[in-house]
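Each structure below is given as structure tokens.
Okay, so chain A shows up in both of these, paired with chain B first and chain C after.
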Partner chain A sequence: MISPGVRHVRPREYQEACALLHERQAAPIAGGTELYLRMKQGVATPRSLVDLTDLPGMRQIERLADGTLRLGAAVTISALERSPLVAEAAPVLAEAAQRVGAPQIRNMGSLGGNLCQETMCWWYNRTALWRQAKEPCYKAGGSLCHVVDQEAVCYAAYRSDLAPILMSLEAELIVQGRQGERRMGIDELYSGDAAFPFTLAAGELISAVLVRPLGEGDVAAFAKHAHRRSIDYPLVSLAVAARGWTNGAAGRLRIVLGAVSGMPIRVPEAEALLEAAGAGERSVAEAAALVAKHAKPVRNVSFGAPAYRRHIAKVLARRLLGDLLARRRASSG
Partner chain B sequence: MTPAGDGIERAPEAPLTLRVNGEEHTLAVRGHDTLLTVIRERLLLTGTKAGCTNGDCGLCTVLVDGEAMYACLMFAARCGGRDITTIEGLARGAVLHPLQEAWIQAGATQCGICTPGMILTAKAFLERVPRPSEVQVREAISGTLCRCTGYMKIIEAILLAANSGAPQPAPAAASGH
Partner chain C sequence: MRAYRVVGQRVARIDAREKVTGHALYADDVILPGMLYGKVIRSPHAHARIVHIDAGAALRRRGVKAVVTGRDFPDVKFGFTKPTQDRRALPIDKVRYIGEGVAAVAATDKDLAAEAADLVRIDYEELPAVFDPEEAMKPGAPRLHEHAENNVSAICRFNFGDIEEAFRVADHVREDSFSTQAIMHGYLEPFAIVARYEVVTDRATLWAAKQSPYIIYRNLARGLGMKPSQLRIIQPHVGGGFGGKHEPFDLDFSAVMLSKMTGKPVKITCDMEEVFLSAYRRHPMRIRLAVAARRDGTLLGYRCRLIADGGAYAGVGHMSIYLAGAFLSLPFKVPNLRYDADRVYTNKPFSGALRGHGIPQMRFAAESQLDALGRDLGLDPLDIRMRNRVRQGDKLANGFVVTSCGLTESLELAAEAVDWTHTHGTLRRRGAKVRGIGLGCGSLSSGSRMGGHDASTAVIRVHEDGKVHLLHGSPDVGQGSNTVLAQILAEELGLTMDDIQTTLQDSDFLIFDPGTYGSRVTFTTGAAVRTAAAEIRRQLFEAVSKEIECAPGDLICKEGRIVVRGNEDRGVSFLHGVRLCYYKETKPLMAHGSATPAEFTAHFGDPKQLTSGYGNLSGSYSFTTQGSEVEVDLETGEISVLHFASAHDCGYPINPTLVEGQLDGSVAGGLGQALFENLETVDGLLLTPNFTDYGLPTSMESPQRSEHFHIETDDQFGPYGAKESGEGTQISTLPSIVNAIYDATGIWFRHLPITPDKVVKALQETYGANYLDHPFFNDPAARRRSGGADGRGNGRSRREERA
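Right, the complex of A and B next:
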């Protein structure tokens, strides 16, 4: 149930927006596709919604003087899909955008909202009556988990399709607050605790995402597995980006798993295996096994048993990493 | 005071001006009203259907500034100043829109509940991609479920409208499908 009295405000300046957001029970809103449903479920109860879409630069995609791709946080997912600048600087990002939800979701939903979407759990993201019928879990302020009952840990899944690829590209975020703006790596957005997944303070918002373009010798790929090709959230996704990979440089690889934990998961051991000189087919198999080991799916999404999702993680890793290795060999051979 | 109709700060129940099918309606909306409930229950434009009301089925699809969106996920209070098109806005008097004609010709409607959203999605799509391939059509309508037709007739209708050339700029050679 959403309160009929919820206020809608649309500031034009960051200072005003951050001051409004600092008030108790205010939440930012861009497309609203994710927040609206949580409000309906009663797990988000903001009294005022601060619309970010009219803030300066929020809906702009541009290349900065040094070539960096700057994406305003309120840019829609469709705009990412269709932007010639994205296609030129990081086509893999357009591919990942194209896999988010359904066309209507992409026309409404924003980049910032995609990154700041809450973690989800079948036991938590339900109606208030459903939640009241059971003891509250950690995420609801209680002291147990209905899915995994050994540890005091929440396993709600973070299912953004843009976060893994942006993390593999080592994107940076511009964060606006009442004290002005700061810049941080996208990995710093996540707390690691699925119950409270983000590190943004009250009154802070993301205004833009910065991506260093893929240059010559750089390779990146994204794969998503979902119940259906459209509409559905990922059961598991995988992003890989390798800089200096096919031009004889040392090569730096980033492997990031999505949808199988409370935040995107990097797999440094697998990265190191394939970065090593002399990496071959066996390294691919080993790296894929490591990727699967880092996936922590639990039984809290509507489809897909955990063992199945872990298996798919391995399959996606074998494909993407196998292809990456083949490209490196082809370039050196 | 901020003028109404711009989606800017207002007290709940303050009047808002919505532009639907080219006509302006000034009405008081509450903070929690969705565009879907306002269209159906206040403007009585019941051509827009309510299905899941959770963003999963596409029945509520309308065009907002020319793009297909789920009206069930959209706060009405944020729609001031935007151009909204519902299925009622397509025909000109007794003259149907070419997509509506194509739907009849292909027999793309059975129970009909998905039809308004499908046609509006197709309209926005053909304006952007006038000569689509079948694969592009499938992708474009993938946000709306049809539980009757099996989609084939719907795809056929959209390709028919595309190839009739009526709503689009001058055709190049028909693309492969």
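Right, the complex of A and C next:
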């Protein structure tokens, strides 16, 4: 049930928005596809909703003077999917956007909302009625974890479909705060603690995402594995982006795993293996094994048997990395 | 050759426009002046004594009008048959599963009702709980109901023929174990009811999302301590049933009682999570099945032990395990049968009817075992089915009589559709993907006699303007039966669909049917409509014969006219005939007709009959064969259903489009159980309480190509030769897919659902870590030699034994 007393405000200036967000129990909202569900379940109980969609530039997609793709944080997922600018600068992003939820969700849901999607767990994202049957877990303010209760750690999963690909593209975020604007790498957004997954301070919000376009010689790919072909959150996702890959340059690779931890995980060892000159089939197999090793899924979502998710991480890695290597060879041969 | 004008045609659904424009009225759409909103308070415990309920704080809240608990109802229990009367309107002593309704509040708005529900304080004393049916049967296990020793809620003990002899003389026997999971119906409309109690008349009017108002009528009245005649049930449109909307629930009793307490109408609408937590579901079954056969594949006998997880209450569970055993043989002829089934109480929501009702679980076991038997004996799965198939006129060991049967044609058509002869058993691999095909057969009763009132009634009124109005007692829950019944009526009176109107059911205006279940509506209610239409014709012909001076027996209804047979220029328009009745004869045109399955069936409302299992269940049985083609991604374990061919003998398809809709729906349902759905619980707590976590297949998971073949066998009892088509095809879907997965991978999955993680694990265990390189997936000859992973190991041939 959504409590009837929730206030909805629609600021037009960032300063005002940040001040409103700094108030107690204020939550930012754009499409509401995730927040409303959490409110209905009673796991989010904001007193006021600060609607970010009217803030300057929030719904804009543009190419900056230096070619950077600037995506307003309130841009809808379906706008990303359809934007000619995105298709030109980073088609893989449109591809990933197409795998988010279902069309109706993509029409409402926003880029920023997708990035700031709360971590989830099948012991936590439940209605009050359901949660009554269990003691509260860490994420619910309690003192145990129903998934793995060995250390005082929350084992919820971060399941954003867009974060892994943006992280592999080394996207940057524009963050607005009461003290003004700052810029940070997307990897800095995550705390690593699934109970409180984001580093944004009270009163801060993401206003835009900056992506350096894929140029000649750059290659990127994204794979998502879910229970069904639509609607579902990923059980495992994998994003790879390689800059200077097929034009004879040294090549720089980013491999990012999604949905198997409280934040997207980079796999630097696997990156190094394939970046190295002379990488071959064997390196792909080794890199895939490394990716699987980094995936430490736990039994926290439906249909997400841990051994299976680790296996899938390996399969996705083998497929994506094998293809990547083949393209590099094709270009050099 | 049949020359029907409306029947047999692909006419549009009569409610299509109303539904797609959003004008159709569902229970939750009903709003009455002064209406209150109710909310059910549910148990957070799997098993606990209710110590005390304190509603004081809730009742002190402004706008909260009443709180109802089990103590506000008469001290009676209700149920399907006398021995299974174990439910109360709301429990008074203890709760038996997480999500069970304990109390309910009524308030002036929905949010307030939800807040007030949180203020009702319920003290529980937790009791040890039991979740596994076999654990529950052990001595010393927590007992759910005082009356049920070892928690057994119902049993079946069938013994037909001479099973010992069958196994003694058999050339070959094998025994296998299977298990199936709990699944949901997946209707999109959650439970909802509006109840209005009228003090002056001491009657209550209900608008509720139900597929069988009659069952509600009886059980609700009993639980409320009212007479059925004190209830008026007005049927709104229903957003899907699939067997899931028969029983009265906590919200139904609570809404009536809260309305009685407050003097105001009360609406309670559940959200989908409440449905997931509290509604009944399909019985999970553990099946141990032994088969005895001759060398040539002739089936001699089945010995079956079955344990069904019944959940916290009996519901219609006795019928469910009866049906599983009743279809141990059909669609094949097996002379000797021994079936021992126990349905066991556990601390989970109870199990009940769901499309195919108990039968899909059994046929999944029996028909996938049939393929294994074929492998043991070196017989083709198609041949072994052909050898054992039933035929028209057969009488089965359990008393079933087959009056019409298109199984032979269906086997031929389905096999041809998947190119069985050339494709089955061959290696078809591209990259990491392999393909396989499978066959599955099925059969289902066209309505049955369940005890109590079993007849269908139709009332026809012809308006002065010539339009014909049909009232009948079987709710259309989305399957399109109102359209089919209107087609029958139009055909009988020589009219078009535009001339027919129907109104949804209202118990103050007609006698309810037992309801929409067991694939009975077209078969039984269709017959009632024909009887009533014949009476309308009789009245019309009498009036018209005087007018045009002929014998009434010479008249027929044709193309909007009433004419003399063989001299069709002589006659009057239908409208003219109607006016002759009203204006000249001064007799309003109205008739009723009824039909019952009683004349050809045994009475299965009797618990003794359910336990011993002998008797003919239905007047007619449908037959199906489904051929399927699947593609398995060996790396990810994902299974895609590429092609599904359903060859179905429904006697005669009165509306082929609607029949095809039923076939596709059955396939989607079966596919969901085979590959996707699971109500997974841990300590009685459901971990998949919504459609996202539950994993119901979407259109993206449905077969990429679907083919339908209608086989007309013109049944002697069904209207226009029609038999059931609503659920029988879901029975063959499971084995068809399971057998196709075997063909692709050489792995026989005996435990459902077959999720990708299980597939990968099974591949690794069967063929080793580098299974992609295994000869089975690379060498067509090796595949033929091995006959698959389960090989010949499990079965024991008597000849080998002797040697």
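FYI, the second predicted complex is superposed on the first by the 333 of 333 C-alpha atoms of A that agree within 3 Å, B and C clash if a C-alpha of one lies under 4 Å from a C-alpha of the other, contacts with A are read in each partner's own complex, and residues count from 1 in each chain.
The rule is short, and it goes like this: a residue touches a chain if its C-beta (ideal position, glycine included) is under 8 Å from a C-beta of that chain, and two chains touch if they have at least 3 such contacts.
On a predicted model such as this, the values are computed, not experimentally measured, just so you know.
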{"item": "Partner chain(s) touched by A:Tyr36 [first = chain B, second = chain C, both, neither]", "value": "first"}
{"item": "Partner chain in contact with A:Arg229 - chain B first, chain C second, else both or neither", "value": "both"}
{"item": "First, second, both or neither for A:Arg329, with chain B first and chain C second", "value": "neither"}
{"item": "Partner chain(s) touched by A:Ile312 [first = chain B, second = chain C, both, neither]", "value": "second"}
{"item": "Chain B versus chain C as contact partner of A:Val9, first or second or both or neither", "value": "first"}
{"item": "Contacts of A:Ile105 with chain B and chain C, given as first, second, both or neither", "value": "first"}
{"item": "Partner chain in contact with A:Arg182 - chain B first, chain C second, else both or neither", "value": "neither"}
{"item": "First, second, both or neither for A:Arg63, with chain B first and chain C second", "value": "neither"}
{"item": "On chain A, positions contacted by chain B and by chain C", "value": "3-4, 229-231"}
{"item": "List of chain A residues in touch with chain C within their complex", "value": "1, 3-4, 122, 126-130, 132-134, 225, 227-233, 301-303, 305, 307-308, 311-312, 315"}
{"item": "Contacting residues of chain B [partner chain A, same complex]", "value": "7-12, 30-34, 54-56, 58, 61, 67-70, 73-75, 77-78, 121, 139-140, 142-144"}
{"item": "Chain B-touching residues of chain A, taken from the complex the two chains share", "value": "2-10, 29, 32-33, 36-37, 40, 49, 51, 78, 101-105, 107-108, 229-231"}
{"item": "Contact set on chain C toward chain A in their complex", "value": "42, 44-45, 98-99, 111, 114-115, 118, 271, 273-274, 277, 635-637, 676, 680, 685-689, 692-695, 697-698, 700-701, 755-757, 760-761"}
